[in-house]
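Shared between the two complexes below is chain A, which has chain B as its partner in the first and chain C in the second.
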Partner chain A sequence: MIRLERRLDRPWWLNVAVPAGSLAVALAIMGVVLLASGHAVWSTYRQLWEAGFTGNGAFSATLISATPILFTGLAAAVAFRMQLFNIGAEGQLYFGAVGASWIALQLGGHGATSTPLYVVAMCLGGGLLGAFWALVPGVLRAFAHTNEILTSLMLNYVAGYFLTYLIFDSSSYWRDISSLSGQTFPQGKPMPSGAEWPTIGTSVVVPLGFLVGLAVAAGAWFLYSRTRFGFEVSVIADSPRAARYAGMRTRRKILAVMALSGLIAGIGGASQIGDFTHTLDPTGLQAAAFGYTGIVVAALARYNPIAVCFVAVLIGGLQNAGFTLQGVDFPSGLVGVMQGIILFCALGGELFLRYRLRITRRARPQAGSTPATEAAS
Partner chain B sequence: MNINDTLLVIVLAQAVLYGTPLLFAALGELLAERSGVLNLGVEGMMLFGAAVGYWVTQEVHGGDPEVLALAVLAAGISGAAMAAIHAFLTITMRASQIVSGLALTIFAGGLGLSAYFGTELNLADEPSTHHFGSIDVLGLKDVPVLGPVLLHQSVLVYASWVLTLAVALYLTRTRWGLNVRAVGEAPASADAMGIGVATYRYVHVLVGGALAGIGGACYSLSITPGWVAGDTLVNGAGWIAIALVIFSFWRAELCLTGAYLFGALAALPFALQAKGTLDRLPAGALRAPELYQALPYALTVVVLVVISTAFAKRRLGAPAALGVPYVREER
Partner chain C sequence: MERGAGPAGASPVPAVRMTGIGKRFPGVVANEGVDFEAAAGEVHALLGENGAGKTTLSNILTGLYRPDEGSIELYGEPVDFHSPRDALDAGICMVHQHFRLVEPFTVAENVVLGDHRGEGRRFLVHPASTERRVAELGKQYGLAVHPRARIWQLSVGEQQRVEILKALYRDARILIMDEPTAVLTPQEADALFGTLRAMAEEGKTVVFISHKLHEVKAVADRVTVLRAGRKVETVTAADATPHSLAALMVGREIAESQPLEQARDLSEVRALEVDGLTVPGDRGRSAVRDVTFSIREGEIVGVAGVAGNGQRELAEALSGMRSPSFGTIRVGGRVLRGGDPREAIRAGIAHVPEDRLGTGLAPSLSVTSNAVMKTYRTRSFSRGPLLALRRMREAALRIIQRYDVKTPGPATPVRNLSGGNIQKLVLGREFEDDPLVLIVAQPTRGLDVGAIETVHSYLREAAGRGVAILLVSEDLDEIRALADRILVVYEGEIVGELRTETATIEEIGFLMAGGENA
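After this line comes the complex of A and B, so read on.
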C-alpha cells in the first residue's frame, strides 16, 4: 500500500528534481494531446523551441512577450506570498496604462523631450493608478473582510469596460479625434516621440521595461527576504493568528501588499505604452490577458521574485512561439493548454516536495513486519 | 401599449434567460463547496462545456430534442472531466484549491482548451443548427407579466427549477446530503463515522463541474446561440456564479433569486439597446453601453461587501472546512 509521510527535511536535489520531473510529465501529457489532435509531437516541440529561443531574432521577440508577464507575475507573486490572492493584475495593468499615457500626453503637451523624464513619470503615473485600483479590493479586504479573489477579479471587468469607454464611446482625453484615421476608427492618441522607451543591445534587443522589471524583482526579493516587512508578511501568510499575537498589524500589511502588487502591475501597464504600443489600445490589452498569464508565472515560480524572472522568459518564449507559429498546424489556444498542463503538473509535483511516498506491503499477521515497514518505523 | 412590451417585463423575462446559466453553475459550485472543495475553475468549465455542447449540435444529425439532449449531456461530461483535474489535484495531491482552480480556468478557458477545441473544429464559422426555443406552456405566453417571464421559456429554464428543488431537498432531506454537509463541516468527524471523505468530495466536485458545463452550454445553445473564440461567450458568469454561492449563504433556493437578480443586470444593456432607451438619455457617460455592461460586475463587488460586513462574524452558511485539504494523518 502507498503511504504519504510528511518530510521533515528536504534534500537539496529535490528542489531540482521535482520541477524537472513535473516539466517532463507535462511535456509527455502535452505530447498525448498533440497526438490526439493529429499533430506531430517531436517536430512541434522543435518548432516551439526554435521560434521561442534559438531562431533568428526569436529571443528578442521572446523578451517582448516576457516583459508584461514579468510585471504581472511579480504583482501576483508579492501578493500570493501573503496568501492575498490578488487576481486583479489584469485591471491594475489597464489602469497603469491609462495613468502612464495620461502623464506622457501631458508632458508632450508641455513640450518635454527628455526620455528619462518620460520613463520616470510614466512609471510613477502608471504605478500610482495601478496601486489605486488594487487598493479597492485591498481596503475591502482589510476593513470589511470581503473575499479579495472575487472583488479583484470583478474589478478587472469594470476596468476593461472603462478602458473601452475611454477610447470607443466618449471623447476622452486619451482618444484621438483630430486625425483622419482616428475619425474613421476609434483609437488612442499617439504618444509624443520622447515617450518611446529606448531598447538596449543590438543582436539581442532588450526593451527597457524588461530591465525595469528585473530591478523590481530584485527590490521585491530584498524586501521579502531581507527586511522586517518581508518577515512579517511570511508570518501572516503562515499563521495569521500567530501574527496577531505577535502584535503585527495585519490590516496595514494587507493594504501595503495590495498597493505594492498594484504598483508593479501598473508599471507593467506603463511599460506596455512606453515600450511597445505607444498608444492606449483597449482591444489589444484586453486580448492579451497579461494579468492571468502572470498568475501562471507566479505559481510556477512558487512566488519567488527571482524565479519569476526566469519563468517569465520561459512562458514568454512559449507565448512568442505561439504567435509566430499560429496557423493551421498550431491553432490558437494551444499555448494556453500547454501553460495549464505545465501548471497542473507543477502543482501536483509540490506533493513530492512536502511528502515522501512509501510503498509498503501490508504486514502479514504471523510473519511480523516486512523489512520495508521496519525501515519506516 | 401591451404591458408585455414594456422595458420592465422584457428585462424580467430576459433575467430568467440570463440567470439560468448562472443558476446551473452556482448550484454546481454550491455542491462542491458544501463538500469542502472550493473550485475557482467554474469560468473555464463553462467555456469548455459551451464549446463541446455546440460541437455536438454541429456533428450529430437528427431532431432537435435528441440532438440537444445529447449536447447537454456532452457539455456536462466535459465539465465533469475538467473538474476531475481539480479534484485529483486538490483531494489526492493536496494542492492549494485556490491555485488549482485558477489554473483550471486558465487551462480550460478562452485562451486555452476551449479556444483550441473551437478553432481546431472551426466552430466559430458554423451557423447554429439546433438551439433551445421557448416553450409556450399551456398556451399562456400572452398572460400579462407572468406569461413572458415564467411561461414562455426554454426547457433549460424549467430544468433549472427542478434542479434547484432537487439540490435543496438533497442537502436537507436525504442521508447522502447530510453526509456531504458533514464532510464539508467536519471531515474528521465524518471520517470517524465511516463516511468516505475523499469519495464524497470527488463525486460532488465532478457533479459541480457537470453543472458548470451545462451552464456554459446554456450560452452556446440557447442565449447566443453559437460559439465565438475568446472568453466573451461566458464573460465572467462563472465568477459571478461563485459569488452567488456566497450571496445565497450556500443554500440552493436563495441561489435562484440571486441568479435572476444578476440575470436582470446582465440583460439590462441588451434590453436598453433594443428598446432604444439609451438614445433618449442625455448625451454623455449615461448613454455609454459600457456603464450598463460593467454594472453586474460592479454590483457583485457591492453585494459581496454588504454580505461580508453584515455576516462576517457569524460566517453564515459557509462550510467550516471549505478550502482545507483533509489529511487523515494530520487532523
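After this line comes the complex of A and C, so read on.
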C-alpha cells in the first residue's frame, strides 16, 4: 500500500529535483502523445527548444510573450501570498491599458515628446486604474466578506465588455473616428509617437516593459521579505486568527494587497500599449488572456516574485514556440496539449514537496482482540 | 424517584457489556481496564471531567476506534466492530456534540441519508413515505419537528431532535448522546429528558455522556463515573447526591494530597478591573453574563468551570479578540474600548490562548517570526517600514535561552516543536513584553509532567514580579496549586468566589456542575 506522509522538513535539493523531475515526466508523457499522433519525438523537442529559446530572434520573441504574463504573474503572486485569490488580473490589465492610453493621448494632445515622461505617466495612469478595479472586490471582501474569487472573476467580464464598448459601441475618447480605416472598421486611436516605449539591446531585444517587470518583482520580493507590511502579510496568510490575536489590521491589509495586485496588473496593461500594440485593442487583449496565464505562472513559481520572472520566461518561450511550431502538420491543439501536460506535471509535482511517499505492506485486519470475539465472527 | 422496571436487575443479560477496555494513543492512555454495563430499558449516564475517557469509550462502542484490549458484548453476544457501520448494523447510534446534518436538505432527507439499509439504498427516494414515518416517530417520542423543514431553518434544539429521529428511524436499540445539553436551553433540555425516558421505557438503552451533575440526577437510572481513563464506580442515580458524584468525578484522594498554600500578602493595587461584563457567544446568546471581578498586582485568580461555560469568551473579551456587549474593562486604571487586540496589547494585557498553535502562533512561520509577532511594530524591531531582521533573531534567541525552548534553531517552523516547547515559546513571548495582566487559558492541557512543572513555575515567577494573572483552567488541581482566589463559572456567570486555602474540591466541583451554593 502506498501512503503519503507530510514532510516535516524539506531538503534544499528537493526544490530543484522536483521541478526537474516533473519536467522529465511531462516530456515523457508528451512523447507518447507525439508518437501516437505520428510525430517524431526528438526532432519536435529540438524544434521546440530552438523556436522558444536558441533560434535566431527566438529569445526576443519569447521576451515579448513573457512581458505581460510577468506582470499578471506578479499580480497574482502578491495577492495569493496572503491567501487572497485575486483572479481579476485580466480585467485589471484591461483597465490599466485604458488608463495608460488615456494619459498617452492626453499628453500627445498637449504636444509632449519626452519618452521618459510618457513611460512614467502611462505606468501611473495604468497602475492607478488597475488598482481601482482591484479595489472593488477588495472592498467587498474586506467589509462584506464576499468571496474575492467570484467577484474578481466576474469583474473580468465587465472590464472586457467595457473595453469593447469603448472601441466598438461608442464614440469614446479612445476610438479613432478621424482616419479612413477607423471609419470603415472600429479601432483605437494610435498613440503619439513619443508614447512608444524603447527597447534595449540588439542581438536580443528586451522590451522596456520586461525590465519594468523585473524591477517590480525585485520590489515585491523586498516588500515581502524585509518590511513590516510583508511580515503582517505572512502572518495573515498562515493564520488569520493569530494575526488578529497579535493586533494586526487585517482589513487594511486586504485593501492594500488587492490594490497592489491591481496596480501591477495595470502596469502590465500600460506596457501592452507602450511596448507592443500602441493602440487600445479590445479584441487582441481579450484573446490573449494574459490574466489567466498569470495565475498559472504564479502557481508554478509558488508565489515567489523572483521565481515568477523565470517561470514567465519559460511559459513565454513555450507559447512562442507553440506559435512557431503550429502549422499544417502540427495542429494548434497539439501545442495546447503539450503546454497542458507540462503545467499539469509541474503542479502535480508540488505534492512531492509537501509529502513523501511511503510504501508499506498492507496491514492485515487484526483478528478479534479476544478469543471470545473470534468465536463469534 | 419512580422509574419503570428496576433497570439493573430486570433483565439478566445487559444490552451492552464492555469488559477490560483499554485504548492508548501516542503518549496518552485514554482508557484502561474499563468495565461498563448498561441494561435494556435504562438511561445510563457516563460522568467524568474532560479527558476522563468518556468520548474514547463511546467511540469504541460505536466502532470508530478499535480497543487495544478488552471485549464488547451486546445482549450477551460477543461482537467485534471493524467500522462504525458494523456498530450501526448492530443497532448502536450516536448523537455527537457537533451534529452531522446536511444543512440545505430537509429533515426527512437527512433522516433517509443516514439509513444505508432500506430507503437510503434505493435509486429513487420516496419522500412522502419517509416524511410520514418521520412525523409518526416525532409524535410518538415528542420530537416536534416538521419533516419538510430545511435543517438551516431549525434551531439547535430542533437539529438535535433530527439527530435522534435519525437513530429512531434506523431502529437503534442503543443510543449514545454525547453531552447533549451543552447546546440546549433548560426548557429544551427538559423536553429532551422526556424523550430519553420514553425511549428507555420502550426497552431501548440510552447512554448519556455528561459532566453536569443535576442532569445526571434528573435523567439517569445509573451512573458510571470515569476518571483519568479508568472506571471509578457505577452507582444508582437515586442513591447518589450531587456532592457524592462530584467527589467521585474529581477524585477525593487527589484533593487530600493537594498542597494548600498560605495566603500570600498582596499589593492593594488593582491591575485588572472588570465590571458588569457581558460577552456574546458564537451562537448569538450571551456566553458571559454580567461578570464583575478584579485582580490585584501579583495575584493569581483561577477561573474554574466545565468547558463551554463562558471561560473562552471571557478570555477573548479581555484580550480584545471579542467585543463585549456591555460592561467595562479597566487595566491599570485605564478603560479599554474593547474588541481591539492591539489596544489590549498596548494597555499591557498578555494572553496565552487556549488554542496555542492556531491562535497564539502562526504554525508555518519560524520561531523568530512568532517570537516577535506582537512586538514587531515597536521601535526595537523596525525602522520606519523596514524590519530589523537581526534584532528579531536576537530576540528569538533570547526567549529560546531564557525560557528553555527546545528547537533546532530560530528558523524552524513552530509547527515542528513539541507541545511543551510551543507553550514555553508563547509564555516567553508574552512575558518579554512586561505585561501588567496575563490572561492564560488551559496553560498545561496536553503537556507532559515535566513541561507542566516548568509552565507552573513560570507563572509563579511572573506573579512574583507583580503580574496580575487570570488563570482559566479545567484542571482543578492546577487552579488549586496556583491560584490565590478561585472564581467558579457556570453558564457564563460567576456562581462562587472561594479562597484557595479554605475551598474544598467537592465544593468547587459542586458549584462547577451548577449545584446551588451549599
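Definition applied: the second predicted complex is superposed on the first by the 351 of 377 C-alpha atoms of A that agree within 3 Å, B and C clash if a C-alpha of one lies under 4 Å from a C-alpha of the other, contacts with A are read in each partner's own complex, and residues count from 1 in each chain.
Operating definition for what follows: a residue touches a chain if its C-beta (ideal position, glycine included) is under 8 Å from a C-beta of that chain, and two chains touch if they have at least 3 such contacts.
What you are looking at is a predicted structure, and each value in this text was computed from that prediction instead of being measured.
Undergrad: Per the contact definition in the header, classify A:Ser114: touching chain B only (first), chain C only (second), both, or neither.
TA: So A:Ser114 meets neither chain B nor chain C here.
Undergrad: Per the overlay, which chain contacts more chain A residues, chain B or chain C?
TA: Touching more residues of chain A than the other partner does is B.
Undergrad: Have a look at where A:Phe229 lands relative to chain B and chain C in the superposition and call it first, second, both or neither.
TA: second
Undergrad: First (chain B), second (chain C), both or neither: which does A:Thr283 touch?
TA: Neither: A:Thr283 stays clear of chain B and chain C.
Undergrad: So, A:Ala144: does it touch chain B (first), chain C (second), both, or neither?
TA: After superposition on chain A, A:Ala144 lies in contact with chain B alone.
Undergrad: If you stack the two complexes on chain A, which partner ends up touching A:Ser37: first (chain B), second (chain C), both, or neither?
TA: first
Undergrad: Is A:Gly336 contacted by the first partner chain B, the second partner chain C, both or neither?
TA: It touches chain B, and chain C stays clear.
Undergrad: For the complex, give me every residue of chain B touching chain A.
TA: My answer: residues 40, 85, 88-89, 93-96, 98-100, 102-109, 111-120, 229-230, 235-236, 239-240, 242-243, 246, 285, 288-291, 293-294, 297-298, 300-301, 304-305, 308-309, 312, 329-330.
Undergrad: Help me check something: in the complex, which residues belonging to chain A touch chain C?
TA: 8-9, 226-231, 234-235, 238-239, 241-249, 365-366, 368-370, 372-377
Undergrad: Which stretch or stretches of chain A touch chain B in the complex?
TA: Chain A residues touching chain B: 4, 6, 37, 80, 85, 87, 136, 140, 144-147, 149-151, 153-155, 157-158, 161-162, 164-165, 168-170, 287, 289, 292-293, 295-296, 299, 331-337, 339-341, 343-344, 347-348, 350-351, 354-355.
Undergrad: For chain C, which residues are in contact with chain A within the complex?
TA: Interface residues on chain C, with respect to chain A: 66-73, 77-80, 82, 319-321, 340-345, 351, 353, 355, 358-365, 369, 373-374, 376-377, 382, 385-387, 389, 416.
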